[in-house]
Amino acid sequence: MFKKCTFKGGVHPPHNKNRTEKLPIEIFPAPEKVIIPLSQHIGAPAKPVVKRGDYVTVGQMIGEASGFISVPIHSSVSGKILSVAPFPHPLGKQVMAVEIENDGKDEKAAYKSSENPWREIAPGELIQRIQSAGIVGMGGASFPAHVKLSPPSNKPVDTLIINGAECEPYLTADHRLMLERTEDLLIGVLILKKILNAKRCYIGIEENKPYAISAVKTAIKKNHYDKIKLVILRAKYPQGGEKQLIDAITGRNVPSGGLPMDCGCVVQNVGTTIAVRDAIIDGHPLYQRVVTVTGPAVGSPKNLLVRTGTPMKYLLEACQTDMEATKKVIMGGPMMGLAQTHTDVPVIKSTSGILAYNKTTPGIREYPCINCGRCIQACPINLVPSRLAKFVERKKIDEAVEWNLMDCIECGSCTFICPSKINLVHFIKLGKVHIQAKRAAAASKKQ
Amino acid sequence: MEITLPVLIVGSVGLFFGIGLAIASKKLHVFTDPRISEILNILPNANCGACGYPGCSGFAKAVVEGKAEPTGCIPGGSKVANAIADILGVTTLLNEPMMAVVHCKGGKNEALEYSDYDGITDCNAAVLIGNGPKICQSGCLGLGTCVNACPFNAIFINNNGIAEVDPKKCTGCGKCVKACPRNIISLIPKVHKIFVACSNHDRGAKVKKYCSVGCTACTLCVKATPSGAISMENNLPVLDYSREENFITAAYKCPSNCFSDLVKFRPKANIDTKCDGCGECVAVCPVKDAIEGEKGTRHVIKKDRCIGCGICLNSCHVHAISLWGAGSVKS
Amino acid sequence: MIKDELRRGIIHENPILVLALGLCPSLAVSTSLQNGFGMGMAATFVLACSNVIISSMRRIIPDKVRIPCFIVVIAAFVTMVQLIMKAYLPALDKQLGIFVPLIVVNCIILGRAEAFASKNSISKSLVDGIVIGLGFTFSLCILSIIREILGSNKLLGLKFFPGYEPMTIFILAPGGFFTIAFVMAVVRYLGNRRKGA
Amino acid sequence: MESFASLIGISVSAIFISNFVLSRFLGLCPFLGVSKKISSAVGMGMAVIFVMVIASGFTWIINRFVLLRFDVEFLRTIVFILVIAALVQLVEMALQKYSPALYEALGIFLPLITTNCAVLGVALINTEINPITGLQFTFFETIVNGTMSGVGFMLALVLMAGLREKLELSNTPEILEGLPISFITAGLMALAFLGFAGLNFFA
Amino acid sequence: MTTPSVTRPKPDFQSQVNDVKRETVSLHISSSPHIRHGESVRGIMLWVIAALIPSLIASVIFFGFQALFLTSVSVISAVLAEWLISHLLKRPSSTGDFSAVVTGLLLAYNVSPLLPWWMVAIGSVFAIGVAKMAFGGLGGNFINPALAGRAFLMASYPAAMTSWKATGFGSLSGIDGITSATPLEYFKSGFSGENISELQNALGNLFIGNVGGCIGETSVIALLIGAMLLWYKKIIGFRIPLFYIGTVFFLFWIFNGSGDVFSSRALTIPLYQILSGGLMLGALFMATDMVTSPITPTGKIIFALGCGILTFVIRKFGGYPEGVSYSILLMNLFVPHIERYTKPRIYGEVKKRD
């Protein structure tokens, strides 16, 4: 009936989704204090438009976009601003953030829900509304959505792909959204389709989410959305990677160093699509998202609807996590998520999950590389990760460039599979730093 | 015949090829600048790359072609620069010899860490993961990226887990400065031995929470330096090495002990018999109780208190004070 | 003085094991002590004589053609050695084969001519030639002894260990490479230990 | 057919069985010196082949028509080295003048070749008896021998360069770093080349 | 007495910062991914050892307990050498990864069951010491250690290395005189072109391993059983064995000496060739050695083709009757170049713009 699409390479980590996949999304109450970073997206950080002592309402803009590749930031609670200062950020470096004391009133800003039905609004206006709602890719990369939706005229886009793969183990946030807000998802898809004027439109879901598949299928049938096609994907990591998804569904390749729009595709995550629908229909800016809190150290895992800026420790506490036994906290999934230095960091727009482990995960004995080639088989980009790692280790930057180090998507498949337990991805990330430094030096020398 | 034939053959072969080569060298002559090899002979040939060219030969070529300055060879210092300038027939402005210093001393015993780092032993790699385990966002990570970058083995990680420069070996090439992902290494003139060993721009109250030798921006050092050679910039003192100032007092006054002094033993002041006991020196001395003596009698310096800042020297109207004992550099 | 010079030639500036010069003949002829020693002495003779001549002519030879001149001088002495060997040691000559004429291109000799003889007095050059030549001979002998004993269980043609089965590989090419690698590593180890002490 | 067999025999022997580097120990200095990178190894190999062919031809002519004619074979060494040194110099100058690109690629290796015993070695071997035919080398055989010896040298050099590039990624003990490990590598290569012993396509 | 410059100790720090420490849970940070697959190098090596056991059993059946003894000597001396060398180099001992055991086993499988035990030990020490540990141990070597050990022994003790034991079931052997020579030696010197039926009769014995030869190479069926296990565990791929054996088969089929490729002779000779000697052992267990074969998929094919061609050339024209070990060693030398030219085409690769 449906052809199961997939890509070349990849690995099969254990799914570990069973603890949360059947749990409905719970609303997590807004905490007493939120810390909202002004940089929750790729691109220029937002400029703060509030100052200490100001009173803000839920959904009020607190940081304005400072360029095309930038989005505004909105308050997620109502209350007084305690400070605008650098705070720890889940991505590592400290960034400017707005600290807001929640007065518990949840006063909402006056949302401007449109008088016109969305079908009558011009695409340009829709894109503008998406940007001002602060919508970014919520799968993890947090690329501003409006940028993807405005391809330059020399790069025509004919295909819209909605990413419901959720290939990262443990995470079930997108899965729950697809189940609980199926209709809203489809409306979001139609809005995106209208904006892009795409000829084809696919929703890709991994085969290990049969309930989501049937829900989406029924909804499509019921509403006669004939233009939206459901594609069942093989359960394989990293099926949800943009490039892999495009390859699996359309057979096209994103050119090296390019964007999906270079091959006529736009990929949006399920969460993003629903956020687009909320922004256009309800006029809601993006200030909350669904987060899966799970992991071996979590006592009762949950799917939670969380305000951005909520420190992670509240979520972990709410899910009965034994903090004494917790050895590692990860934002995102176990394959690409970022280990956190501490739990005071806030949830941001791209936090799809919070995992707590009671073991320091690798901690396995490292062996020398035996050239087994597992990493090559696993690499969805067809790189030679083991060689790249050695080049970086020996500081052979030119060779690393020659062997396409910059094309690595850091999916972690090679490291997952490596029988020598070498952290190849870490070397490759380091290599990217070296290469960028070298390029910067070369560029400055030229001038 | 027995002898003449061999002589003739070798001779004629020699002559034939000799003439051939002579003609060829005229006809096929291509000019190459002999100065390149001359300069190459002078260069240290460490191929450290501090000049920004691929190896010493690349630099020699660039100098002759006028693309690089004669002073470009940093490890070679003034000696090499002069020699190159001689070959090229130009005069050159000489740089002061510099050395690298690490602006952090908060090691395992002084600075707290959020977490344990588990990964590649390289500062750049650690910075990629949560900006490193240290709470201080500008503390030395001690994973040795600068050590690997140094072509002269002049940097090492000390027992406290902090990078340290050996002033004797450092040539001031600046490779470590570029290598450090925290940007906490800088070059200072080699004659100065005192620098601020902290790079943290946080407010004092915050710094105190996680580092016992962090700069709390108390500005005592600024106050202790009337010449104005220290200024506060973004919660951190900036030392102006171009001023006539030894910074000893500032280093002494720092309550968080975040100045580093590479001189192990500073010279001590000594008051000779010319002293008339006016007490001026006691008034200017930054150290409490370092000078003793009744007004009108000869004053005495307490050697264990004197920090050797030399302020008293100028205050003495009879020129009775001098500094004794040479300073030696900490190895 | 002589002791210091000898130490310099044999240990500190040993041409094969430290400076890594003249490797071709040292591997090719070190299959037996006899060959190694003969080669070493021949090279020493050429080295000493050419050093003297080059040193005495160092002010006459123009800089531009110095290398060809050096080569001619060296080649003359090599020819002499060849003739002497053919007359008095025909067996050895046959054993060493083309490696006797190849002394001409032995980098040790040209290297010393260029680096030492063309800059120093005659007597100094003579001493240098002899000392470096002895260093060459010494390392050749070490290599030859190891290879001859291991490879054919003989030393100077006499049976060595009774009951030991020789490993032919040591008189073949690979064995030569392994032996010199091993000896170099040992030399380096001793050097490191001396530095450490 | 006989001469064809002899040419094949010479080639197989020069490249595989009696490889200049791995079996005859000729040209070790450039073999170890210029084998750090594949690109320079290829350049050096090309330069050696080039010089070997020219030198083989010239020295054969001089040997046959001057040295043997006047019965002054003892002058062989001195005359050959003169010829080779002059030839290398000429080639270098000509390249610099007429083909700067080639000079950039090969030029730095040419001075090294004068003292490369492989070139003088092949010239001297050409004056000996051809072991395949049992006769003196003919001019054509000389050229083939020169070319193929050069090819053999280049093969060993390029293989070595590849292995050394790989070795740079491995964790060699400090005491063996540099020359010792290169010698061990060369030894293992020679060990593998022993497999060609007795190779004969016309048995 | 001395006052070390201007630095002063500050003792009461710990009490100040203890509060902070209590608040922050000490977490581990490391790069993603945070989960790993269960397979390890040690596991791979143990599976390879398991896959080599059937051949060991077969060799004990055909050559007696001397085979087991030599194998043990080889393994023990390899492990000891590895332990000793890592000790001397002051590096952590690497014997735990079991790669030395594999090397020891493979070396023993490559020698005659009549070889004196101390020769095996020497070969083992050479294999570990020179071919492997000198390059930094597992993963650093470019040449298969076991084969290097064999080649070393071959060059050192050529006579001992080529004297063979008659198999236990001598009477079952289809060919007289083959019992004390290997099938390949017989082919090289005894086979005249007419007695093709003798080759055909021998095929069965070749398959079960009832012929003279090295300890572990004779029994094709035992080797295949082991290889199946490794295929199942995805430790070896099919590319190298298939292309290696295929090339040898193809070349001997085309150049069978009769000029006719469809006669029974034309099929018997290649079959005889692939079943005899060390081809199966080499193609299944040695050419597939991960460390010394190309890492790239296309590279593996080129490598196998090269091995096949060289094996054919040495067997047909060379001085030795057997060419498997040398051809693998020779191709090991080419691996860096093969890898360089078969660098995989990456996803989305576009032509370089200059």
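Each chain gets a letter, A, B, C, D and E, in the order it is written, and its residues are counted from 1.
Methods note: a residue touches a chain if its C-beta (ideal position, glycine included) is under 8 Å from a C-beta of that chain, and two chains touch if they have at least 3 such contacts.
Predicted, not measured: the structure shown is a model, and the values here were computed from it.
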item: Given subunit D and subunit E, the chains that contact each of them; value: A, B, C
item: Centre-most chain, if every chain is reduced to its averaged C-alpha atoms; value: E
item: Farthest-lying chain, centroid of Cα atoms versus that of subunit C; value: A
item: Most distant chain from subunit E, judged by the mean position of its C-alpha atoms; value: B
item: Contact-richer chain pair [B-D vs A-D]; value: B-D
item: Rounded Å distance, subunit A centre to subunit B centre (Cα mean); value: 45
item: Distance between the centres, which are taken as Cα means, of subunit C and subunit B, whole angstrom; value: 47
item: Distance between the centres, which are taken as Cα means, of subunit C and subunit A, whole angstrom; value: 70
item: Residues of subunit A touching at least two other chains; value: 338-342, 360, 362, 368, 387, 423, 426, 429
item: Multi-chain contact sites of subunit B, meaning residues that touch two or more partners; value: 14, 114-116, 118-119, 125, 128-130, 133
item: Residue list for subunit C, restricted to those that touch at least two other chains; value: 72, 169, 172, 174-175, 178
item: Sites on subunit B touched by subunit E in the complex; value: 110, 112-119, 125, 128-130, 133, 135, 208-210, 212-213, 248, 251-252, 256-257, 259-261, 263-266, 303-305, 307
item: Subunit D contact footprint on subunit B (complex, rising order); value: 5-6, 9-10, 13-14, 17-18, 20-21, 24-25, 27-30
item: Contact set on subunit D toward subunit A in their complex; value: 168-169, 171
item: Interfacial residue positions of subunit E with respect to subunit B in the complex; value: 1-10, 13, 16-17, 20-21, 24, 26-31
item: Parts of subunit E lying in touch with subunit D, wherever the complex brings them together; value: 89, 130-131, 133-137, 139-143, 148, 151-152, 154-155, 310, 313-314, 317-320, 323, 325-327, 329-330, 332-337, 340
